[in-house]
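Below you will find the structure I want to go over with you.
The first chain written gets the first letter, and so on, giving A, B, C, D, E and F; residue counts start at 1 in each chain.
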Amino acid sequence: MASIRTLHILNKRPGHPAFKSCLSSLENQDALLLTENGVLALVDKGLTLEGCVYALSPDLKARAIPGDASVAQAIDYDEMVALTARAQRVISW
Amino acid sequence: MASIRTLHILNKRPGHPAFKSCLSSLENQDALLLTENGVLALVDKGLTLEGCVYALSPDLKARAIPGDASVAQAIDYDEMVALTARAQRVISW
Amino acid sequence: MKTLVIMNQAPYGDWSGREALDMAFSLAAFDQPVALLFTGDGVNWLRREQEAAAISQKAVDRNLAAATIFGVTALYADQQSCHRFGLDQHTMIAGITLADTNAGLLGEYDHVISLS
Amino acid sequence: MKTLVIMNQAPYGDWSGREALDMAFSLAAFDQPVALLFTGDGVNWLRREQEAAAISQKAVDRNLAAATIFGVTALYADQQSCHRFGLDQHTMIAGITLADTNAGLLGEYDHVISLS
Amino acid sequence: MSNKISHSTLSFTLVITGAPYSSQAPQTALFFARAAVAAGHRIDRVFLYGDGVHLASALASPPSDEPNWSRQWCEFLNQNAVPGVACIASALRRGIVDEREQKRYELGANNIAAPFSIAGLGEWVEGVARSDRVIYFHGGS
Amino acid sequence: MSNKISHSTLSFTLVITGAPYSSQAPQTALFFARAAVAAGHRIDRVFLYGDGVHLASALASPPSDEPNWSRQWCEFLNQNAVPGVACIASALRRGIVDEREQKRYELGANNIAAPFSIAGLGEWVEGVARSDRVIYFHGGS
């Protein structure tokens, strides 16, 4: 399991200013976790997500967002906790 | 005094999704009133405001936004009330 | 006195979309003409098979599918927003009218509500 | 344990910017290293001569000008955002360091706070 | 709501959906309301909806050098005999309750500030149907 | 806050800045907290800040078919002996008060739900200085 420098937790909808701030601060070795309204990023054609992306599965289900495993890995709260433990630091946008 | 079809009251910061929705729904004979965070539009170089634009003076003062009379007319709450009375309808974004 | 309620909030992450819907249903219950316009992130309210129980909330897609039965005159969705979020007749609930929001739909209403 | 508080909210229209500042000043008061980064709409907190009394609020520009006296290690402003909002040394309070946010400033901190 | 365009007296319903100390909405609405009354207009009601219901809290205690927006609003409503109504569904979820709801839910206290009362969305529909203007004051972040 | 990277037990401070029935923050935070405890981690404290203080209301009364997030959080805190603290400055402005503040401000009631207590930002600073991880749950509109 590769180490994570920064885990970015993003719960904003794609149109929110913090959404852009978050994406522009992603670096190599970082991971992005989409939660709540943030999961809409997976169906937004105006966006391209790269790198190591996770999405919170209950939030995907609630919004009927099809999880594309090639773009983002769907995880549950247990795995979210594990990610926050694995990462050197965590930023909640 | 020309009549106003729709008075659009916009209190969102320029980056907010509703900001774009508001600007794209402006039509001839409409007026735009910037309030609260909305007054930042007057100093945002990424935006061009056209037509009949007003800005709430206390909100300009609070934020030290220089009022450029060629872009927007600074008004007080009395004039805001008068605008809502003059307009056929009012939309608060 | 025709009202248009604009739904431009993403679903479930905050309450304002839900409360905008309550306003629309309430007008309809009191026999006041009201329509809904889904636009921007708000078109995602229209996705089929929402399982909001996964986050301990109530799904609204069935309510929306029954909106016209409760007296809401129409449900519009902004065409461009639907395209942006990959929504089409297969992924959207039934009974939605696609609209070009920039073509003056708002102008047909006396009263327009946008809860951010 | 170095903290960076990101100020990306417009001033006065909501409380989260004010509350983010309180967090920064509180860390400084307890001798924890903390810096502020103003970016996006948030650079407007840095404008000189705010008269928040016009809307019955308290102006923060003087507090910010004194931030380093209270122990905040630095106040950064994103260069691009300043340009976008027409902020320069004449319109901005003193003591601000212009920064290129994309050049890894965040990476220097152990703890980064963004209150939306 | 009529489309009457006039410089004579109009009737207003004001709807506040942003909370004090979180948004500027209750402040802007209060300054607007004072100006409307000063211009001779009538305010039929002030309706609190969503996060706006927090304006009806009797327990808000800001520092003494900051305005107490709940108190200022209550004074305005009293002085001008304007009804202030908090939406019942919004209020109950957010912990704003009157004596009746306190009893019904067997709660330890109530916290609504007089003269605010709690009622359904029907009060707002009434405004939409009958006031000349319905003006919304939203949160603005 | 240490940069310890480990699969062993870590200590967390959770900060909630979004209100229930307004944002999803208290829900996501609760599911996260349960999972953290289940994985053997320790939660040093839950700190409510800004609009998040509304989670400490004892008066929130959602419809009976909706979860009561305040109550669920109180149960979690009690069962796991985790301190829940609401920031005093945020709480007083927003009308969340305990018995002490009720007396000091001569208010008609208090409305904080046990085991939540009211304290200053120092509690949060303590978390930043000592917990292995500080995780924020913001409003997400």
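Quick note on the criterion: a residue touches a chain if its C-beta (ideal position, glycine included) is under 8 Å from a C-beta of that chain, and two chains touch if they have at least 3 such contacts.
Predicted, not measured: the structure shown is a model, and the values here were computed from it.
Participant: Shared touching chains for subunit B and subunit C?
Facilitator: Both-contact set = A, E.
Participant: What is the graph distance from subunit A to subunit E, where chains are linked when they touch?
Facilitator: Each step joins two touching chains, and the minimum needed here is 2.
Participant: Looking only at C-beta pair counts, which chain-chain interface has the most contacts?
Facilitator: Highest contact count belongs to chains E-F.
Participant: Mind checking subunit E against subunit F and telling me if their interface is mostly the same residue numbers on each side, over half, or mostly different?
Facilitator: Result for this pair: same.
Participant: Just how far, in Å, is the C-alpha centre of subunit D from the one of subunit A?
Facilitator: Centres of subunit A and subunit D (C-alpha means) sit 26 Å apart.
Participant: Per the centroid of Cα atoms for each chain, what is the distance between subunit B and subunit E, given in Å?
Facilitator: 24
Participant: Going by the contact rule already set, what residues in subunit D reach two or more other chains?
Facilitator: 9-10, 12-16, 40-41, 55, 57, 110-111, 114, 116
Participant: At least two partner chains per residue is the criterion; list those residues in subunit B.
Facilitator: Only 11-13, 15-17, 36-37, 58, 89, 92-93 qualify.
Participant: Multi-chain contacts only, two chains or more: what residues does subunit E have there?
Facilitator: Subunit E, residues with two or more chain partners: 3, 21-22, 24, 50, 66, 89, 134, 136, 138-141.
Participant: Mind listing each pair of touching chains for me?
Facilitator: Final set of chain pairs in contact is A-B, A-C, A-D, A-F, B-C, B-D, B-E, C-E, C-F, D-E, D-F, E-F.
Participant: Which positions of subunit A touch subunit D when the two form their complex?
Facilitator: Interface residues on the subunit A side: 6, 12, 16-18, 21, 24-25, 27, 89, 91-93.
Participant: Would you mind writing out the residues of subunit F in touch with subunit D in their complex?
Facilitator: Spelled out, the residues of subunit F in touch with subunit D are 1, 3, 17, 49-50, 89-90, 120-122, 124-125, 128-129, 134, 136, 138-140.
Participant: Going by the contact rule set out above, which residues of subunit C touch subunit B in the complex?
Facilitator: These residues of subunit C touch subunit B: 6, 8, 39-41, 101-102, 104, 106-107, 110-112, 114, 116.
Participant: Inside the complex, what are the residues of subunit A that reach subunit C?
Facilitator: 11, 13-15, 36-37, 40, 43-46, 57-59, 61-65
Participant: Touching residues of subunit D toward subunit F in the complex: what are they?
Facilitator: 1, 3, 15-16, 19, 22-23, 26-27, 30, 32, 110-111, 113-116
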